[in-house]
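I've put the structures underneath this note.
Both complexes shown next keep chain A, but they swap its partner, so chain B is in the first and chain C is in the second.
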Partner chain A sequence: MTPTLLLQLVINGLIFGGLLALVALGLALIFGVMRLVNFAHGIFVTLGAYATYLLVANLKLSPLAGIPVSALIGAAIGLVVQELVIRRLDNRPDLEKLMVTYALAIIGLGFFSATFGGDFRSYSAGPRGNIAFLGATIGWRNLVVLGVCAIAGLATILMVDRSRVGLGLRALAQNRDAAATSGVNVNLLQRYAFGLASALAAVSGSLISMIGTTTPQVGEEWLLSSFVVVVIGGMGSIGGAIAAGIAVGLVQSFASYFTDDGWARITIFMLLYVVLVLRPRGILGRGLPI
Partner chain B sequence: MPKVEIFGRNLSRRSALGLIAGAATAATPLALRAAEPIKIGVALSLTGRFADSALRIQDGYKLWADELNAQGGLAGSQVQLIIYDDESNPDTGRVLAERLISRDGVSIILGPYSSPISDAVATACERAQVPLIATIASDASIWARRNLTWSFQAFPSSDYDHEAFMEIITKYDKSKPKLAIVFEETPFSVGAKNYAVKRAKELSIPVDTYGYAPGAQDFSSIVEHIIASGATTVSMGGYLQPAIALTRVMIDRAYNPLGYHFILAAEDVTNSALGANANGVFGRSAWELGTHNPMNPPFIKAFQAKFNRAPTYHSAVAYAGGQLIAAAIKAQGPDRTKVRDFLASQKVPTVLGDYKVNEKGQQTGYQYLLTQWQEGKRNIVGEGYDAKVLWPKPKWA
Partner chain C sequence: MMLRANTGLAAAATIALCVAAASLPFLGVSAYLTALVYYAALYLALGQAWNLMSGLTGYVSFAHGALAGVGAYAAVIILNAGYPVAFGLMAGVAASALASLFISITSLLLRGVAFTFATLFFQELALLFTRKLEITGGAGGLVLSKIMPVWLPYVLMVATASSATLLVLVLLNSRAGIRLLAIKNDEDAAAAIGIEARSRKVVVFCASAIICGLVGGTHALFTSALYPDVVFQVDLSLIALAVPMIGGVGTAFGPVLGAILYMGAREILQVIAPALHLIIVGFLILLVTLLLRDGLGPELLRLWRRMRVRNVQVAPPQRGATL
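Let's look at the complex of A and B:
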């Protein structure tokens, strides 16, 4: 293997891993704060993808404009879902919560299928060209993906670690009852967490539409891999989700080069198994604190 | 009660009226049977992931049936299409085929959309001994791995998916550049790859093959392998969505092949998905508006008059399927066995070309056209067509 090929595989892995991490970030946030395994997370990815597609196809805007628009739409709809559905599950058994989020996922899939049909959507607009870096090549679209993932990840970590809101989220993640007793507005913070997670998912969908294709199932396809990332990183750990996402992306890149895509997926699940056996709480699993 | 004498017997008027009514009823079915329509069953993906394409197939079937009925139908009967929604699901397609046969009593089944659903429907047709015209099943392995005697492939075989492109390579680059064939691990794509490898050997084209699992999202490794191998021509034999994903990776990676072909590039969505980067990309097509076929102009005119838009190849292959039924019934009548024998043995001109199958029911008559996107327009290239081939492919925009 030449150094150039090595670098290229690393770059490819970082792009895929960055997107995985962004999807997983929202999942980890929701689990950390609300102790909710959110099967409906994938529909926000799909939402962001279609929102960007519609902006490009109908309004002839650049897909870059789709990134903030998707974030806003994802956050808005996330807030509505949180208020109308999720909040009412507060004192329900975990299995019930799981089933409700699964039902939401099915409803979302049906909505997108009915609205957009089964065929995939794609667009050619967006950043063009590529740059050479130490012999490797990276397209401008992929650079945008990397950049947005890095900024979103860093911003989320800083918000959780340094802001008052983040302090509240960490308190909730550590002990919900104690946080409530201490005056933390639990409902408000849960709303915030769900909205933020949905926004992150929608942004990842926007980026996926830029480098791939959009179908009603696109969110679900990324969701399974994201669950693996969250478990490997540690349920509820934001830093863990990011680290695990990148790790899984790199494993995927190298494994699929030296074997094939099928064996790469098996390798990732083997990695999950090893982590669960050796460190069941995940690489950085100890709750929302980074 | 007054008496009536019928056949030497005195009957009351009531009895006589009853007798006359009974005779009329007995006679009526005979009269109705003579006018009973010829029922043709269709399980079609009116919803689900194949809906966009399948609805265009429905247009082709309906045009054919309406046209035929306006001309008086077939063998003195009108043609009646019975169409059910298979929801883009093979199992549902098979169940619907069984329903069409056992409950609706159809004489023939016209093909569903896609090879997997055609494969499933063929199972029902073989069991019930009802002819199936698989109008849009390119996967020749359906007939290769089973002994189908009632099902006939009415679409160009997927075995030839890469052939026209390979012939272009030998014509436009005498150095015989290395070809990378990317294929999906599904029967039709594997079959096409196997045939292409054999053909490449005959044409002295060095070839490497790269497979991916259905549903694969990441093609960066395949592209790295292609680059590392030194291949300068690429032919992708999978579905449209992974083909677009593969193309995107090649663009981002600044890998510019001399020639690039993917089998479904002739679909209009290629142009919207790739924009200027579609320029120079080859595709294969069963039918185009500009196909040199004397049956084409009246078909296109009739389609445009009915639907107010130009037909796509989906509608053309559907119409061709109908033409086969018409030819069979005109020659042999609506008897299922005779229709089957006709389809198995005869050469029939249609809008797609000359239909002909081999002893296994695989299509040997229809051939693919080679197309190339040129400045936003899809042109048929090759012998007999005016458009010049763009070679090498322009660099990615």
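Let's look at the complex of A and C:
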């Protein structure tokens, strides 16, 4: 294996891993703050992808404009879902929580399939061309995707670590009752967490539409890999999700080079079982018990 | 005593209905009607299998359709090797049971959602592997080389659905079933009074998978062809949980109501709005879970009892009754 090929595979892995981490970030946030495994997270990814596709195809805008638009639509619909449905799940048994987010995912899948059909959609507008880097070729498009992932991820981490809202979120994640008695506005923060997570998912969807194809199942596919990421990173751990996202991205990149996409997916999914058996609190052991 | 008598009556009614349904194709009933009964039985059997595991222990499975798929593949592989039908079905059962053990070993030692993840990924892995492997015919699928008489899968499916319903009924009225419900309600409290949860969960999941294996093997006799994208599509796993969720989780006859409603809704939707099927099923699960919680069956029962009580109260006092 030449160093150039190695570099190329690492770069591809970073791009895939950055997107995975961004999807997983929202999942980790929701699980940490609300103790909810959100099977509906994937529909926000699909939402962002179609929103960007429609902007590019119908209004002839740059896909870059689709990123903030997707974020806004994702946050708005996330808030509606939180208010109408998720809020009612507090103190319900796990079985009901799982069924409700799963039902939302099914409704979303049904909606996108009925509206857009099974066609694969993609577009060529937006950043184009390549740059050479130490002999490896990187498309501008991929570089933009990686950059946006890095900015969105860093902004979220800074918000959780440094801001007053982040303090409240961390308090909720640590001990919900104690946080509520100390005057943390639980409802407001849960709304915030769900809206933010949905916006992050929609942004990842927007980026995915730039470098891949948009189908009604695109969100579900990315959601599955992201579940592997949050389990490896430790449920509810944001740092763990980002590290595991990049690691899984690299594994995927190398596995699909040496075999094919199908075996690469099998490898990643098998990782989930290995981690469940050996390190059920995540590789770093920092996650909440699942 | 009261409970026992009611349970006996319910069991007798189930068996009578089973015999009546199973004899339909020999009475010259139209093929359309028998097909409807067959699909209702398929949905009921899958729903009861899910109900047995998830309804009684509270551990949600997304893999019941995939477990049936594994059973279907094993059955067809054995049948195509020239063995008789009984061997094929036994192979299907064994394969599904083994698959359930794989999921159990990796996740049932943990609490909560780990099991759900393990089942979710089992569904995906089953699809990816059957597409890749030689023995399962790859993406092109497998075709059953022998043609079976139509009544065989029909009778088998009706019998499977009824046996599964009886199993849940008997279990719900036994100590073993009450222990399972204790695990569902509070695993720590159950452990504190000496109910060992792990082995019980593994055994119940295995029993549930055995029903799935029978369903899969029988349905393979019915369809005669297996394609990975059809066998392992999310649809069957969705039906397995939608049927008890709509009809009544953790009850013996809720899934019967759920299966009949689901079959009817599907028939009607296929005519008027085939594209909206997923949306409507999703909304049904969502609304029932959010608003009714226990499902339609228990809710209707409650309504019926309330009406009876009200009628008794409304009845005017008899005039001239002796004091």
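Everything below uses one rule, namely that the second predicted complex is superposed on the first by the 282 of 290 C-alpha atoms of A that agree within 3 Å, B and C clash if a C-alpha of one lies under 4 Å from a C-alpha of the other, contacts with A are read in each partner's own complex, and residues count from 1 in each chain.
Rule of thumb we're sticking to: contacts are C-beta pairs under 8 Å (C-beta built on N, C-alpha and C of every residue); 3 or more make two chains touch, one makes a residue touch a chain.
The shown structure was predicted, so the numbers you read here are calculated from the model rather than taken from an experiment.
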Consider chain A as the common anchor and indicate whether chain B and chain C clash or fit when overlaid. fit
Pick one for A:262: touches chain B only (first), chain C only (second), both, or neither. both
I'd like to know which partner A:238 touches here: chain B for first, chain C for second, both or neither. neither
Mind working out whether A:9 is in touch with chain B, chain C, both or neither, as first, second, both or neither? first
Where does A:169 make contact in the superposed view: on chain B (first), on chain C (second), on both, or on neither? neither
Answer with first, second, both or neither: which of chain B and chain C does A:95 touch in the superposed model? second
Which holds for A:123: it touches chain B only (first), chain C only (second), both, or neither? first
After superposition on the shared chain, which partner residues are touched by A:138: those of chain B (first), chain C (second), both, or neither? first
Least Cα gap, in Å, left between chain B and chain C after the two complexes are fitted on chain A: 5
Footprint intersection on chain A (chain B / chain C) at 113, 262, 265
The residues of chain B that touch chain A in their complex are 48-53, 88, 185, 211-213, 215-218, 220-221, 224-225, 228, 240-241, 244-245, 248, 251-254, 269, 272-277, 397
So in the complex, which bits of chain A are touching chain C? 37, 85, 88, 93-96, 98-100, 102-107, 109-111, 113-114, 224, 227-228, 231, 262-263, 265-266, 269-270, 272-273, 276-277, 280, 289-290
So in the complex, which bits of chain C are touching chain A? 54, 58, 60, 62, 105-107, 110-114, 116-118, 120-121, 124-125, 128-129, 131-132, 184, 238, 241, 245, 249, 275-283, 285-286, 289-290, 293
Taking the complex as given, what residues does chain A use to touch chain B? 5, 8-9, 12, 15-16, 57, 113, 117-120, 122-125, 128, 130, 137-139, 141-142, 211-213, 215, 221, 252-253, 256-257, 260-262, 264-265
